[in-house]
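Below, subunit A partners subunit B and then partners subunit C, in two separate complexes.
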Partner chain A sequence: MEFLRPATWDEALAAKAEYPTALPISGGTDVMVEMNFDVHRPSAILDLNRIGDLATWSIDGDTVRLGAAVPYSRIIDELSGPLPGLALAAHTVGSPQIRNRGSVGGNLGAASPAGDSHPALLAAGRDVFVEAASVRGTRLIPIDDFYTGVKRNSLEADELIRAVHIPVADGPQQFSKIGTRNAMVIAVCAFGFALHPKSRTVGTGIGSAAPTPRRAVEAEEYLRGVLAERGLWESGDLLGTEVIQRFGELVRDAASPIDDVRGTADYRKHALAVMARRTLTWTWNDYSKQIRSAA
Partner chain B sequence: MSGTRTIQGQKNLQNIHQASKDGIGGSPLRPDGTLKVKGEFAYSSDMWHEDMLWGMALRSPHPRANILSVDISEALKVPGVYAVLTHEDIPGSKYYGLEIQDQPALAIDKVRYHGEAIALVAADHPETARRAVKKIKVEYEVLTPITTEEQCLDPETYGYVHEPHEYKSHGSGNICHSQKLVSGGGVTDEIRALADVIVKGTYEVGMQDQAFLGPESGLAVPAEDGGVDLYIATQWLHVDRQQMAPVLALPEEKVRLTLAGVGGAFGGREDLSMQIHACLLALHTGKPVKIVYSRDESFFGHVHRHPARMTYEHGATRDGKLVFADCRIVLDGGAYASASPAVVGNAASLGHGPYVIPNVRMEAIALYSNNPSCGAMRGFGAVQACFGYESQMDKLAAELGMDPVELRQINAVTQGDFMPTGQEIDAPAPVAELLQRVKDMPLPPPLDLENLDVRTLPGALSNTSHGEGIVRGIGYSVGIKNVGFSEGFDDYSTARVRLEVIGGEPVAMVHTAMAEVGQGGVTVHAQIARTELGVEQVTIHPANTEVGSAGSTSASRQTYMTGGAVKLAAEAVKQALIEKGRRRYGWEHKDITLVGGKVVSETGGVLVPMVDLLGDEAIDLTREHHHRPTVPFDKETGQGFGHVQYTFCANRAVVDVDVELGLVKVVELTAAQDVGKALNPLSVVGQIQGGCTQALGLAVMEEIVVKDGKVRNASFTDYLIPTILDTPPIPVDMLELPDPHAPYGLRGVGEAPTVSATPSIVAAIRNATGLALNRVPVRPEHLTGTL
Partner chain C sequence: MRVTFTANGKPVEADDVWEGESLLYVLRERVGLPGSKNACEQGECGSCTVYLDGVPVCSCLVAAGQVQDREVRTVEGLAEESGDLGLVQQAFVDAGAVQCGFCTPGLLVQTDALLATDPQPSDTDIREALSGNLCRCTGYEKIMDAVRLASARTCAKAVSE
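Now for the complex of A and B:
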């Protein structure tokens, strides 16, 4: 097994071009587990830890550019304001030790349907992009096009994830995850939700309940319509149980979960409906308060 | 011992020179505590020997198959491979087992469970061994596994796990062992007619794992005399040796075992795992061989807690007096017997609970199946039954409109009562008081919805609720467990105590074969020696087979049995020293004792410093401690003085349940237990809290999921054990009512809370949800109707 340790981003891209089957590693919280269990024996390992830029973030106007290797613990500490949904998701990742090493870049690279970042990224809106680079150049992959199958993504063999572009939250965001214990647990299912008052849209993300992380498109459209038709963005009035209930059902219906050792498909669907109702209620209550205090 | 000079990692328990006066009743620090906390303790998996090889097993992917051929030729060609062995290479007996020798050391012509070892590889690197294992070609004829109770009990249709002629015990037809019990008038229509109220229930317990953190591991070193030295993490050195020697075709004295650092056991190290395999490879290659299981292999490498299906019927009078209990407990023992017969004995004799019941009928059986083998785990046959009878008590209380604690108290046993086995409870049995104590403890404050801390809610930082759907529930339970080995077994313990002057001070050395698995025996042995010999400095000798058996570190027995042996040996040393003084000085005081390094007498004052009396001589004596004899239970009636000692624990659980999502947070788990005498109160509380936590795991999350004989979750990713966020405050109320039959009046403590706490948590969840909940672990699916 080759062990590649580039010092710069350009060297990393060159190495990835030369060894397209090389497996990138940063925190190692996923890669090392799979290697220790002998699930993967990659021909080469591409260690990105010397490239300091990957662990930095910046805000440019309305967008956070989050380096692929910024660990979850720093997302919690430093980005809870601009990225509240992702910070809540980061809270649910593994243990403190794992949160110190694991990163969104790793979650995207592994593209597991159970990755905790994904529902929050999907919910953050249509303007979330994965910045993928190769010796051929850089492209921004819309998050909706990124997940292509179970543990598969749309990266080319010579590409590396450099950063993720995420709009700064302009409204309340929430994230909920089901696990059968109260910490250190892989998601049985998860749900991310965000209100986007500026664009008068809402965002959703479903985790661990389909072959890929996915959006509940009909639920988003339904809610967008109700909020617009009833002038609720302006009034901040109560949504009513019927709307909340319907939203939950649409989120549930967007999932296509399986029965597995972590939970049944029926439970996942049930729990998604509950989480959808609750996260919608929490975010709307927050939004409503903002509107009223501004009025 | 050959090889010790190059062994690393054997220093854990030597040279414990605690300048402390902490005798019994104190709570001195563990001699291995600091090393463990700092990560410096050498566990069995940390051992290393120059020129050592790594052993690895090929395991069956099928739960039931005939082996048509095994081709090792490609594996042998891998550079760095020193040996590939199959059952054909075993020099002696090919079978072993704790109670029934029904398990092949390596599979012979067939496999009976998923993960059964078929062949062994020794190589100069673990990766080489792993690759070589993959090159062994096994041709299987895969058969449909026999996995359910219905299938097991119909062998004509579904087949035999062991062919009828293969049985080496009383079992037959896929029944490994059974025990019946009848007391009073049994359970007949006439007896049933005496009851005003009858409740019935069927209950299930899933397969729990011991989930110890240190995987099975050891190092076998071939010796010049043709024997072998094994450094091993186990629970009972001598019974390991007893099972190993016939397979290795060696006399027992040529199989020498030394305890290596044990990372938890909980019953999971009572059976052999890699012991024989490492020794076979070491003797075959002439080189030291180390085997360390990976985490997933560990799940296949040890037995688990028996899953159970239980039917209970209880009858009572209108005022709550129990009239009869009719019980059937079916335990799935899996492919091999392990400790199933003794587990069945416990289930049958304890399965009606700590209650006075005039008429009892009970049958407990263990099945052979193609599921993973099950055997010893903390609570040993009493855990499953307690979930059954305590669920019944709640059901009965509801039916009668009575307080569930009061119903239990009305029927609770006390000293002088008789168990349905006919055995008199001849020591304190404060069952009603224990229940009262947990009931009287202050309740935790109600959920404060105004100042929510999401970490305290079900789901915690997973952020599933901000107060929605949360309902609080309270539940109670009490349980009974036996201490020590039962049914006529003489599980004696041996201790050697040596007293001599070292560096101008009297120093005691305690040498036993007791396996320190975390229970704190090494601390307690030193405390006993300090108290009995009046010394401060005590050294604990490494545990090995150079001294007689200490029995198993299980059945809550080590402080009672080996602690008792240390007491006897120390008393003998004390008497020998005093006799020496009498001979030398002609003392005639009747009240001579040893205190603070001196020989003293109330009437004569300080007679002489111990160092002066000892001089250059060492007093070195060995004693055995036998508990009072018991007898086997009658096969048909279950009658007999079968148990050494009983132990009781009561619990109150307070839970918050998110009734919409089916998530549970145990808010508090209170325990009250009679410990007889707490030799080390801190350790006793730790045992009770640990036992409660393991019971919590069974209540709400721990289960090895087996489908069609295959294990689905052999990892700590999917076999979940409680984290600190799942573990509530566990207030412990400790009673000390001395047992007149036990050393210092003590009572074994480690298992009772593991027996009793699970049903209290389920009762609390029932209280919150109104659901029947007849199975543990309770999953979110059970609480939301989405199974």
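Now for the complex of A and C:
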């Protein structure tokens, strides 16, 4: 096994081109578990810790460019304003020690359906892009095209994840996750939800309840229609139980979970409907308050 | 491969390190610092918690090669230079927060990190900070007592200084 330690991004891309099967490591919270248990022995490990840029973020207009290796603890401390949904999701990751090392880039690279970032990224809208790069160039992969299968993503063998581009929140966002305790839990299932008042759209993200993280497209369309038809974006009036109920059902129907050690498919579907109703209610109450205080 | 880094302020060097080896293994087996404990090897238990460049992490999840030229501080580094126990260590002894002792090194480092940023944490803050450290003996009550005691002593020390 090789241990590759590029000092710059260009060196990292060159190394990944030369060793396409090299496993990138940053926080190590997934990679080292595999190494310690000898689950997977890659031809090479590509350490990204020396590339300081990867652990920085910036805001350009209404988009956050989040470096792939910014640890969850810093997302919570520094980005809960512009990225409230992702910050809430980050807070549910592992433990303080894990959050000091783990990052969204790692979550995307591993592409586990249970990764906590994914529902928040999907809910943040369709203008979320994964910045992937290789010696051949850089491309922005829309989040909706990124997840291709269980622990599979659309990266080419010579590509590395450099950053994620996420719109700055323009409305309330929420994240909800089911597990046996608050800390150190792999999600039984999870749900991210966001209101996007500027574009008059809503965003959803389902975690741990399908082969990949996925959006509840019909639920989004249904709610978008109701909010527009009834002028609710302007009034901030109550949604009514029927709408909330229906939204929950559509989110539930968008999932295709399995029975496994963490929970049954039926339980996951039930829980998703509950989480969808709750997160919708929480965010809508926040939005209504904003409308009323502005009036 | 060879890995050189700073451990508790002293330069150390480890030879014949396997590329997939963890920092924890290097500390315990190669550089004579067995204070950090090896339990779950998957970041669940926190027994191997050390500072890496001042940030508490699970050393079982850091690849040894990643610490090249960096600073590691282990539970051994929490003691005073005289060899006396450090403030957090003494508080755990005084509160009787140690039973089998296997989780203690990780709890000590994590508590030290908590009090460095928040010298007067609430009980909720303590529980959150220690949520990645498992103890199967104590039921955590004595550990809570120890952190509260360490907090009180840290604050008293800050006042007297």
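Keep in mind that, in the parts below, the second predicted complex is superposed on the first by the 295 of 295 C-alpha atoms of A that agree within 3 Å, B and C clash if a C-alpha of one lies under 4 Å from a C-alpha of the other, contacts with A are read in each partner's own complex, and residues count from 1 in each chain.
We adopt the following convention: contacts are C-beta pairs under 8 Å (C-beta built on N, C-alpha and C of every residue); 3 or more make two chains touch, one makes a residue touch a chain.
Small disclaimer: the values here were computed from a predicted structure and weren't measured.
By the touch criterion stated above, A:M275 is placed in contact with subunit B alone, subunit C being left untouched. When the two structures are aligned on the shared chain, A:T29 is found in touch with subunit C, with no touch to subunit B. Touch criterion met: A:A183 reaches subunit B and subunit C at once. Of the two partner chains placed around the shared chain by superposition, subunit C is the only one that A:M1 touches, whereas subunit B remains out of contact. Once chain A of one complex is fitted onto chain A of the other, the partner contacts of A:D47 are limited to subunit C, with no touch recorded for subunit B. Of the two partner chains, neither subunit B nor subunit C is touched by A:L238.
In the superposition on chain A, A:F37 makes contact with both subunit B and subunit C. Of the two partner chains, subunit B is the only one touched by A:V261; subunit C is not. When both complexes are aligned on chain A by C-alpha atoms, subunit A residues 36-37, 182-184 touch subunit B in the first and subunit C in the second.
On the side of subunit C, the complex with subunit A involves touching residues 1, 18-20, 22, 41-44, 46, 49, 55-58, 60-63, 65-66, 68, 110, 128-129, 131-133. Put simply, subunit A touches subunit B in their complex at residues 36-38, 88, 91-92, 174-186, 188, 261-264, 266-267, 269-271, 274-275, 278, 281-282. Across the complex, subunit B meets subunit A through its residues 130, 294, 296, 458-466, 468-469, 660-663, 665, 700-701, 705, 712-713, 715, 717-718, 720, 722-726, 779-781, 784, 786-787.
Only residues 1-3, 5, 25, 27-29, 31-33, 35-37, 41, 44-45, 47, 49, 94-98, 100-101, 182-184 of subunit A touch subunit C when the two sit together in their complex.
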